[in-house]
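Just passing along the structure, written as structure tokens.
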Amino acid sequence: MNRHETLISTTDFKEKLYFTVKEIALNLKNLIEKNFPVLWVEGEIANLRYSQNGNVYFNLIEEEASLKAMIFSSDKDQSIVPYLKNGLKVLCFGRLNFYLRSGDCYFIVRRIEPLGKGLLALKKEELIRKYKPLFDPNRKKALPLYPKKIAIITSLFGAALKDFLKISHNRWDLEILVYPVRVQGEGAEKEISQAVEDINLYFKDVEIIVITRGGGSFEDLAPFYTEEIILSIKDSKIPVVSAVGHEIDYTICDLIADKRCPTPTAAAEDVVPDKEEVFKRLEIYKKKYQQLLEIIISKREKQLYELKLTLENRNPFKIINNLEKQLKDYTHNLILRMEKFLSFKESRLTEIKNRLRKKHPQEKISLEEERLKFLKNRLKSALNNFLETKERKLESLQKLLDSLSPLNILQRGYSIVKSYPDGRIIKIAQDVSEGQFLEIYFSKGKVLVEVKKVET
Amino acid sequence: MIENNKDLNFEEALKRIEYILKQLENKDLDLETAIELYEEGLKLIYYCEQKLKNARTRVEVIIKEKEGFRLEEFEKAIEILKNGN
Amino acid sequence: MIENNKDLNFEEALKRIEYILKQLENKDLDLETAIELYEEGLKLIYYCEQKLKNARTRVEVIIKEKEGFRLEEFEKAIEILKNGN
Amino acid sequence: MIENNKDLNFEEALKRIEYILKQLENKDLDLETAIELYEEGLKLIYYCEQKLKNARTRVEVIIKEKEGFRLEEFEKAIEILKNGN
Amino acid sequence: MIENNKDLNFEEALKRIEYILKQLENKDLDLETAIELYEEGLKLIYYCEQKLKNARTRVEVIIKEKEGFRLEEFEKAIEILKNGN
Amino acid sequence: MIENNKDLNFEEALKRIEYILKQLENKDLDLETAIELYEEGLKLIYYCEQKLKNARTRVEVIIKEKEGFRLEEFEKAIEILKNGN
Amino acid sequence: MIENNKDLNFEEALKRIEYILKQLENKDLDLETAIELYEEGLKLIYYCEQKLKNARTRVEVIIKEKEGFRLEEFEKAIEILKNGN
């Protein structure tokens, strides 16, 4: 601002009607280049572009104002160019140059410094962008929890080492190798990278590498923002712990390392296990073991006891008792059924006996006796009838005979004369001789006569 | 005409009597014959009467016998019956 | 006509009696035969009466026996029955 | 008609009695047969009664035996039963 | 009917008893068979009772033994069981 | 049924006991089997009790041993454990 | 289960101890296994304790020479480097 004022005051306008282009251009060139031999300009980069010939062009702007700027390829500050980008606020060092032919005024930049974040931040951002895959948390190696050997890369005389050793002293059964390096200044990053490579190559039994240093200025920490650090840590087979710089700000080394600790003290606490803590843990484990085993055994004891009770409950006595009862029932039933069977048979026999009794032949005998009596009577009466019939018949025959008796004529007065004693019937007198006896039959009675005389 | 009447059984006797009665009904019958027939008839009738009387007596005897009967006797009787027949 | 009456059982005897009765009802029967039949009939009746009497006695005996019975006796009886039959 | 009754079991005896009862219902049955059947029936009934009496006695004996029983005796009994059967 | 009862296990014996009980409900069963069944039944029941008595004793012995038990004895027992089984 | 119980570990023994308990709940279980199972069960329980007792003793021994422990001894023990296992 | 414990580093030992703890948290763990694990665990814990009791840190400095590296005791190294530098 001060320099601007000076420029205006020294440029006195000469009274002239007109100027030629050349006059005014030369005048401007003179005015600008004379008044601003070298200067620092603060502004924001815009319209950044790279030309074929390697020159870099951009505008420096501030609100409405803009200044064309360029870096010649021969001049350009190689370390910064990669970090340039639109919108970046920078402080540029250089001189103003007016070009007659084009009438342009360019600020020829010799050096650029970022404003705000600073160069380290820029570098960090750029390196992060470049090696993005390497910062993937998944790539990070796990640290052995109980290392036997670790290596520390640090300055032998720094406070960091003192702090680290103080914490780790007899904290664990551990071998600590110190790899002394410079931790600041030109080329320190090369020593550190070399150390990482050496340890990887020659001390393979080292389990953790710790890179540490105390806090310092940006300049001091510059080695930890280098590509060398990234590449060596990336290639390390041994996990790397970084405890570099500020507690708040992470260096590139912090980011690429497998673990970052804010301070050397914290690193020691993190990397070196605490035997007291492990003792405590083991003590707890012991107690837990005891408790858990007790639970297991008690559970089994309880379980077994319950099984025992159940088994005793299910002893075969119950079955035996039931079976005995069943057998008693069987006995009872058997006797009962046999009794029933016998009773049935007895009642059946009684019934049959009664039936037989009813069939007693007595009845039949009586019946037959009756029948016989009847037959007897019939026989008697039959014979009687027979005889009576015969008698009656005989009687009638007799009567008939009587009625037909030749002697019936005697009733009428006839008589029958028979010779006597021979009884011949005398039908004619001739048959009679004198003196002969004759019997004369009358109807009633007869007489014996002697023939006196025969008349023929 | 009159055969051995002893051999004549009751029925034959009766038949003979009936025959005699038929003869006697003949008016032309010779008196002597008639008287002979008549007498024969009378005798046959008597004979039959006697037979009947005997029969009745025998029946009574049989009935009486039965009461004094024993099984042995019965069997004897059976024997007698068999042989007697 | 009368067969061996020992073989004659009760029923046959009765039948014979009935036969005799029928015969006797025939008026043309000869008197002697009638009497013989009568006698046979009576004897048969007697025979049957005896049989009935025996049966009665036997039945009474059976009932009495049964009360004093023992199994051994029973078996003897069975034996006797078998042989006796 | 009576078979070897020793071989006759109770049921067969009962059946025989029932058969006899049926026979006795036949009116035309001969008296002697009837009496014989009746007698056989009575004897069979007696036989059965004896069998039942024996059965009862045996049942009681078996129960008593059982009370004085030992396993050894049982096995002996089994032996006897097997042989005896 | 009684098979070799020595070989009869408890369950079979029970089944046999039940069978016998069922048989005895059959009114047509022959008396002699019934008595045989009855006797067999009672003997089987007795047999089973003995078995139960033995079982009871065995269980008691097992329970007593258990109290005086040692692991070695247990292993011996296992051996015996294995062989005995 | 009892396998080589020497090879039976605690858990298997418990399972076997549980199996036995389940079997013993079966109403149709044969008496002899029930007794055998019961005996086996009791023996298994005793076996398990012994195992538990042994376990407790062993735990105590382990704890005591630990007190007199040296690292070398530990490594010997490891050796023994490895071979013994 | 126990691997060659000689080769067992501290971390593995602790892991094994923790693994055993997790196993023991299973209440249904087999008894024999539980005791074995318990014993192993306790021995491992003891092993770790012994190891820790003797825990020391040794600090050495890597000194780069023309032909490789040399390890130097810390104090001495400081001396050397101070003077040499």
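Here the chain labels run A, B, C, D, E, F and G in written order, and each chain numbers its own residues starting at 1.
As a working rule, contacts are C-beta pairs under 8 Å (C-beta built on N, C-alpha and C of every residue); 3 or more make two chains touch, one makes a residue touch a chain.
Everything quoted here is computed from the prediction, not taken from an experiment.
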In terms of Cα-based centroids, which chain occupies the most central position? E
Farthest chain from chain A, going by the mean of C-alpha atoms per chain? B
Given over half shared residue numbers means same and under half means different, the chain B/chain C interface is different
Cα centre of chain D to Cα centre of chain G, whole Å, reads 103
Euclidean distance of C-alpha centroids - chain C vs chain F, Å: 101
Cα-centroid distance, chain A relative to chain B, in whole angstrom: 135
Interchain centroid distance [CA atoms averaged], chain D/chain F, Å: 68
Please list all residues of chain G that touch 2 or more other chains. 31, 35, 38, 42, 51
Touching two or more other chains - residues of chain A: 293, 297, 300, 315-316, 320, 323, 338, 345, 360-361, 365, 368, 383, 387, 390
What chain-chain pairs meet the touch criterion? A-B, A-C, A-D, A-E, A-F, A-G, B-C, C-D, D-E, E-F, F-G
Show me the residue ranges of chain C that touch chain D in the complex, using the header's touch definition. 9-11, 51-52, 55, 58-59, 62-63, 66, 69, 71, 74-75, 77-78, 81-82, 85
So, in the complex, the side of chain D touching chain A is made of residues 10, 14, 17-18, 20-21, 24-25, 29, 31, 34-35, 38, 41-42, 45, 48-49, 52, 55-56, 59, 63
Complex contacts: residues of chain E adjacent to chain D: 1-2, 4-6, 28, 30-32, 34-35, 38-40, 42-43, 45-47, 50
Sites on chain A touched by chain F in the complex: 293, 297, 300-301, 303-304, 307-308, 310-311, 314-316, 319-320, 323
Can you name the residues of chain A that touch chain C in the complex? 360-362, 365, 368-369, 371-372, 375-376, 378-379, 382-383, 385-387, 389-390
